[in-house]
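Chain IDs A, B, C, D and E follow the sequence of writing; residue 1 opens each chain.
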Amino acid sequence: MQNLLLSFLLFTPLVAASIALFIPPGAAKGFRYITLTSNIIQLALLLMVIIGYHSRDGIQFIEKKSWITLDLGPWGVLQAEYFVGVDGLSLPMVILSVVIMLITTISSWTIDKNVKGYFLLLLILNSAIIGSFIALDFLLFYLCFEFMLLPMFFLIAIWGGPRREYASIKFFLYTLLGSIFILIVMIGLYISVHSPESPGRLVHSFNMLHMKDESNFISGTILDPHNVWNIGPFAARQWAFLLLFIGFAIKLPMVPFHTWLPDAHVEAPTPISVVLAALLLKLGGYGLLRIAYPIFPEAALYFGWFVGLMGVISIIYGGLNAMASHDLKRLIAYSSVSHMGFVLLGIASVTAEGIAGGVYQLFSHGILSGMLFLLAGVLYDRTHDRNIDNYSGLYRKMPSYTSMIIIAFFASMGLPGFSGFIAEIMVFLGAFKSGSINGILHESLAIISTSGLIIAATYYLWTLQRMFFGPFHIKGNHTGEVLVDLDRREYLMLLPLAAAAIVFGIYPQPMISVIDPFASDLAQFIMNARQSITINP
Amino acid sequence: MLQQLQPDLTEMFPTAHFLYLGALLFSIGLAIVIVKKNMIMVLLGIELMLNASVLNLVAFNSAHPESVTGQMFGLFVIVIAVCESAVGLAIVIQVHRYYQTSDPGEIKELTE
Amino acid sequence: MNIATFMFYFFVITAALTAILLLFTKNVLHGAFLLIITLLSLAGIYVLALAEFIAVAQILIYAGGILVVIIFAIMLTSKVSGKPLQLEHGNVINGMIVGGSFFLVLVFLISREEGLKVIPQSRLATINELGIALMTEYSLPFEVAGIVLLVSLIGASVFASTTPTRPD
Amino acid sequence: MSGEITLPDTIEVITESAAQFVPELILTSGILVLICVGLLRRGKSLFSILSAIVFTASLTTILIHWPTDEVPRLLFFDMLKADSFSSYLKIIFDVSGLLTVWMSWSNHKLSQRHSEYFAILMAVVLGAHLLVMSVNFAMVFISLELISIGSYVLVGFAFSKKASEGSLKYFLFGSVSSAIMLYGMTMIYGLTGMMNFSTIDFAMQLINTRSSLLFIAALMTLGGFFFKVAATPFHPWAPDVYEAAPMPVVAFFSVVPKLAGIGILTRFILVLGVSGHSSYDWQTLISIVAMLSLTVGNFSALWQKNPKRLMAYSSIAQTGFLLTALSSFMDQGVQFMLFYASVYALVNFLVFIYLQYFESQGIHSLESFSGVGKTTLIPSVFILIGLIALTGLPPTAGFTSKLFVFSSLWESYQASGKSILLWLMVFGLLNTVISLFYYLRIPYFAFIKHGTFQVKTDFLRFENLLGLLLVLAILILFFNPGLLMGWINKINFVL
Amino acid sequence: MDAASAYTTGDSLTLTALALAIAFPLLSFIFSFMIPDKYSWVVSFIASFLVMLSTFSAATVFFRVWDGQPILLEWDWFAIGSQTIKASLLIDNLTVLMLLIVTLVSFLVHLYSTGYMAGDTDIRRYFAMLGFFTFSMLGIVVSGNLLLIFVFWELVGFSSYMLIGHWNEKPEAADAAKRAFIFNRVGDAGFIVGLMAIWTLHGTFSITELSRHSSDLPMASLAAFGIFCGVIGKSAQFPLYAWLPSAMQGPTPVSALIHAATMVAAGVFLLARVFFLLTPFMLIIITIIGCLTAIAGALAALVQFDIKRILAYSTVSQLGLMVTAIGAGSPSAAMLHLTTHAFFKACLFLCAGAVIHSLHQAGHQSHSELDVQDIRNLGGLRKKLPITFVAFVISGASLSGIPFSSGYLSKEAILESLITWSGSAPSWKWLVVTAAFITSFITVVYTFKMIWSIFFGDPRSNIITHTVEAPPVMRAPLFLLAAASVWVIVSFDPLHYAGWLQHGLQRVTPSHSYLLPALSAIWVLVAVFTAFQLRNRSFSSKLLHEAFYLDKAIEFIIERPSFQLSSMMIQFDKKWIDGTLHTAAYCQLIIAHFTGWVDRTLVDGITKVTADFVKEVGGFTRSFQKGNVQHYIFWAAFGIIIFIIWTLL
């Protein structure tokens, strides 16, 4: 049982989906409750995982079953495994996924168009997200990573807003482009890596842990660390890192690959915006930390400054764009771009603080962006209008809603006491420290990036001022009556997130104690790699 | 008569000269296919191209006299050419019935 | 220059000239007749290249068979349309580019091929020899060619026997 | 010399060969039986069943006579080579034949001349069988022509104005292509003196003859093969022909002649690959053709409004992927190409079965798919899975096959260091992204657009059973590609 | 000094009192939020009561710790890598003094607010945020860890935001709140830079540990500079002081508590707390900035007419003086002035509030619309509001530095420290001293002018005749605060500042001389005389009125461009990033195709595909597929020729 927890976690939604498949489409309630049940079972399983997790033990709950073993004669054996486990990086992400999916279900309660299809897709999406966070086999990861696209595409395209077609295709295009880059590297990696577990034969393994170890590379292959294979201006391993970086940066998203995000967010239905912002974006950062950095440490160091620079650009650029947005969801979307910049900056620093901060930011942004999108959805449900300029003085009509907005906004701008602050401060500390302990990032990057804090304050406060303060006024053909305050279902979605933001902002130690071993080990690993592998002699 | 001429004949014509003619026929056939605004002329062009190949085969067979490979192949080419033109003519007539024109350039209902 | 050489180059030049004329003629019927001359010249060349059987087949099948059918087809199609047998040329530049380049490239490359300039020693393949080859070594292509013939006959009959009821 | 072979020897060779030639004999007799029966009886079902029986018999005999010899056997005086490679492709042809027969049976537009239709269909399959076994230029030409002539006629079986135009275009384009190919073949024969190309001697000749003419000749020969597989620049016939032909024929065209062409191309390329040391860079050539096919296919498909035309361009792009696998010039690449081809055949039939289903419901353009997903869920979902597999996304075998293809390309790049292969790889993968657009258009209309079209929902259709089987196959081959790869692995590619 | 011996962990009574002092305001916050809407009237009493309890607890702590051994309590907060960040409380003289000031002023303001804010619809939120502010301010004061200080530092800013924007229907209030927070945020960004530098340099945020390290690397100056940036923001120093006057849009008690007595003083407190981190170079910068602020604030106050704005600029000026003192190396003098300033400035604000409140009430009755904050509209209130008048005069005297007031002593401490620092040899430091003297002179002038305009002369408006004194609950705090503005609060010697407070803060008794006090007293009297002469002259200078246009300058140099930049960016984003990506590769093609397709099929109209490039490719594709089979053949043959030529070349 203990050994199969992760599988249960992964397959519960799929089982639920297959049950739901046989329910006639008319029974709308049935799908909601089945999804909810599946989420609650997942939550229970998650609790068991958390209880059984020991933060210093590295990867745990490992399950390893053979999946694809292809004997290709002289060329060797192609081996992909069902290999899952959680460590300090994936556990926070899994926790986030389970919780956010539960809240998404609650938020989806009002969906009444083609309910069966919606919840089936949601369940599939759930599995795919969990799967990509726990997979330790590259092929399995890629499977889940790609498999998210289709449900997401349909969820945006069928249940989305007026320009949903454009947005969904754009989303699909960008993400698929990114995953193609990842695919290229995956192909190269598994060809270059052999599994040390079966010494007698040549086994090409998709195992990500094997890919980390430089001694597992077949000598003379393109991606062999000891074999400099130049393609154009860079070595092949550097290209590989760049491809992975771009692939994940698109997902993250990083400027200038971010333009899919505002469109997708604006057009997606509220629950899907939540999933998109809270979970899908996390895969970008997760992928960098799980794949790009550990597997190509020396290239990561070589491009460290670039990653950091792009992070800073994202922070500032995203913030400035948010400031000029007139659509509430678009604003939040751009703020996500800005926040994900912190993740990049933290990761680029290759310090324990920076990496832990990056992971913490992923987690925290999951909570906060979820909350922000839910809040935007609350307003949209009432008036079907998200234009900031069309509102004024909402505080008078919806005081509780405004309070929630204030909490969410201030949490999102990194006010101390909320989880975002802990994340950002760790990122800053790591990024600044990097200049003097490993020389990857110049101190000025960290200093410049603090302006992101000011920009965040500006756009959030300006929005508050425009929408919620001042005399009450609302444009369009709405009367004030539609603006009722939060109802119980909405509280049920928002309060847990707000509470989580505060709890993880005041007492971060439980989460950091999970993340920290991973972050420290990774920083150590990458810095060690600098000594052992040298490129561009 | 041929038996008498044979000793002389064998040393008369370089293979290249056959090939020049073949190349000419082939190129003209191709040009005809592209240029002529009549389906039957296009068919004639194709025949010309096939004949260029037969000529090549015959020429090369005399360069490799140890077997009759080239000639056999040439024979098959002629047979196949017959089959092709039979089907081709049937198709041409069928198209002509529908479209009332012989210009392949005008037969373009199937297009973007 | 003996008579064989003379005949060879005569046939070559005739074939080339008629082919060129074929390219330039604007009358379909003239084209068909020009092709007959080309093919007959080729048959002559085959004879001189010691491929009598091919030559015979060429005369019988092409000149006698296909071209008659073609002339029938010309009559048939022009009768239906009522147009004269004149035709236009289109895509002239395209045709010249492609035909010209092929010709130039091939001639250039053939002329560079030293092995092709030697005059080969050849011998006459008897019809007997060909017949045996056809039944042994080439038995399979022979049979398959039969199937091809069958298929093309069926195909032609399918096309010929269906009348367009309504143009859709 | 033929004279040295005694008559008993000859007969022995022929009888021995015939033993390895049973599937083809069955097909041949099938053709004759169909034509003879056609003189007496009419009725689509009868001929469908007869053809199904013939294909099944052929399929069974291929499996029974699965070549196990280390060294492949040459049949009919080195005309054919009976190796596992060709047997594998033959299985695909026969299965496709069966599926086509079924599709034809359920297609209401094919309403006359059934005996001829099925006979010609069978003849094309026979041609495909012969083509992939051929190692002799004469045999290649004849079997290619068998396929071509049969195909020209098959297009016309819709008996419409457009069909006749399709036939004409196919015929003209095909004849010119085969004339070009033939010219090339004669040149190769002339310069090497050999008709049998699948020998070491021939390969040595290629290496030793440093002749541009030979290269040009080979190039022209490849042109004919490219025509059969609809690779750029020999592709433009495909959209017109696909649009004109009846749906079962389109499905058939997109698989059988194409894979037959790929089969002979593979044999030819393997020889060229052995002569990889020649001064001409065949690998680059194939890579460029692959790139062009990918680009032209994918880009043109974006414009299409007709599902058949769309699938035509898709098939051009898929040819690009098949060529990509070949361009690795390795045995591994060929194996992966076979895997790709098998998956491609399955997926293509899945898609075409449902396109036919929708066509029978009166849906002829992409726009008219609007809202279909709501009324006919299962066909829409199945066609979606098929299109996703064509795009190459997990969890379908389409992904696995693309993964394999690009793996072999990477491996080849690693071995040769030719940057063109790297470009091809990047190009091919990026094309996957583009292909997504048009592949998703049918599901897009079906699921996302609202339409007024009411199609009656009937779950218990034979299409759905067949579709389910194909979908399962596509999914299973993703999760366990070993089922097929294990088999393909046993195929050897000795010259 | 060994760490173990230097600090104790405190006894249980002290700790309980400390815990209570901090917890009561938090409790008040929670309570005020939780209470149902219909019982909102009890909030003001409960909140005041809770803060009063907090004040008593703080007093207990004060008396038990003052001049005793400092208390240091530490808990693990979170650990990164090998380093643990500890949450710690550091309770020393500085802390307890501030503890007492904050709770006391807060209590008085609470009390005052029960009257001032009675009837406000959002009274729950008001008291909640007041409680939260008090809690956060106490947090700054007791934290022994820079990161923790930063946490509360920002929370203070947040509550300030909420309170300034309390009347958020007023667009100006919402705007002022935003401005205050953003200006603070600018400083805080600097603070974070400081934190980063400290972390990199020392790997710890604990003040006690940091006090044992010292470093003169450039990084140390950066750290000090960063922290000082935080101070500039929070304590409204040059060039970020513009937010403070506009923050006067908040309720007046809030201005008294936050923008006069406590929060703005937090910067000075912080500088005193981390004085050991300030490098010599930084001290010079601090002095200059402080000096500039002092002068600028005083000059600006001189020309204001809004009573609250005068007080606000005066606060700016006084804070500038304190910062100058810190720069001059005398944190104790700064703290001394901080203490006295807290009381007298709070008193002044509350008096101003009482005046406003009374006039407002009167204005309501007579239905007259009058800007009651403009001193030009006031006058002769001495008779109507006697208690307010007395309190105002006492605290005004303290602000001016009239002898026998607390302000006299603390200002003397600053001046003396400046003179000592400047030394005997002439240098630029003398300019600073001169500036300080001029500031004190101007302070007297504007204070006197203000008192004269409000309370003396003839009533300039008819509503003044209807004015009555504010309710007792508002008068009591005035009284108490006025009482705290006399000399005993600093020292029992009315002429010299070196009393118990100074001793407790510095533990070094400075040299005893009456020269400076006397000089100072004369200087003040001269100033009073001048002010009397100028009592009816109104100074008007646009430059000074707008406080050197710093506000506008920031708007022009930073705000506008950044907004413009952001709108440019979003255009850039729409046009170029999207566009370039699309154009750059075939992405362009796809999107254009796709949009074209979407528009063709979805939107009824016909859309032309935008990019010319696409058109060309499209044309090319069409020429390929025009349906003419002869073209097809041509292309195929042409393809072969291309290949041939390519290989032959």
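Assume a residue touches a chain if its C-beta (ideal position, glycine included) is under 8 Å from a C-beta of that chain, and two chains touch if they have at least 3 such contacts.
A quick note: this is a predicted structure, and the numbers were derived from the prediction, not measured.
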item: Path length in steps (a step moves to a chain that is touched) from chain A to chain C; value: 2
item: Innermost chain, taking as reference the mean of every protein Cα atom displayed; value: A
item: Farthest chain (mean CA position) relative to chain E; value: C
item: Leading chain pair when contacts are tallied as C-beta pairs; value: B-C
item: Chain centre separation (chain B, chain D; CA means) in Å; value: 28
item: For chain C paired with chain E, centre-to-centre distance based on mean C-alpha positions, whole Å; value: 99
item: Centre distance in Å when chain B and chain C are each reduced to the mean of their C-alpha atoms; value: 4
item: Centre-to-centre distance between chain E and chain A (centres being mean Cα positions), rounded to whole Å; value: 36
item: Two or more partner chains touched - positions in chain A; value: 165, 169, 173, 177
item: For chain B, residues that touch 2 or more chains besides their own; value: 15, 19, 26, 29-30, 33-35, 39, 42, 59, 63, 67-68, 72, 76, 80, 83-84, 87, 91-92, 94, 97-98, 104-105, 107-112
item: Multi-chain contact residues (two or more partners), chain C; value: 90-91, 94-95, 98, 102, 105-106, 110, 113, 116, 129, 133, 137-138, 141, 145, 148, 151-152, 155, 157-159, 162, 164, 167
item: All chain pairs that touch each other; value: A-D, A-E, B-C, B-D, B-E, C-D, C-E, D-E
item: Residues of chain D touching chain E in the complex; value: 168-169, 172-173, 176-177, 180, 212, 215-216, 219-220, 223, 227, 232-234, 236-237, 239-240, 280-281, 285, 288, 296, 299-300, 302-303, 366-367, 430, 433-434, 437, 441, 449
item: Touching residues (chain side chain E, partner chain A) in the complex; value: 76-82, 147, 150-155, 158, 161-162, 165, 168-171, 173-175, 177-178, 181-182, 185-186, 188-190, 192-193, 195-197, 199-200, 219, 562-563, 565-567, 569-570, 573, 577-578, 580-581, 587, 590-591, 594-595, 598, 602
item: Complex interface listing, chain B residues touching chain C; value: 2-3, 5-6, 8-21, 23-32, 34-41, 43-44, 47-48, 51, 54-55, 58-59, 61-63, 65, 67-68, 71-72, 74-76, 78-87, 89-94, 96-98, 100-103, 105
item: Chain D residues touching chain A - in the complex, by the definition given at the top; value: 332, 335, 374, 388, 393-395, 399, 403, 406-407, 410-411, 413-414, 419, 422, 425-426, 429-430, 432-433, 436-437, 440, 444, 447-448, 479-482, 485-486, 489
item: For the chain D and chain C complex, residues of the former touching the latter; value: 2-3, 5, 10, 14, 17, 28, 31, 35, 75-77, 79-80, 112-113, 116, 119-120, 123, 126, 130, 136, 138-139, 142-143, 145-146, 149-150, 152-153, 156-157, 159-162, 164, 167, 190-191, 211-213, 216
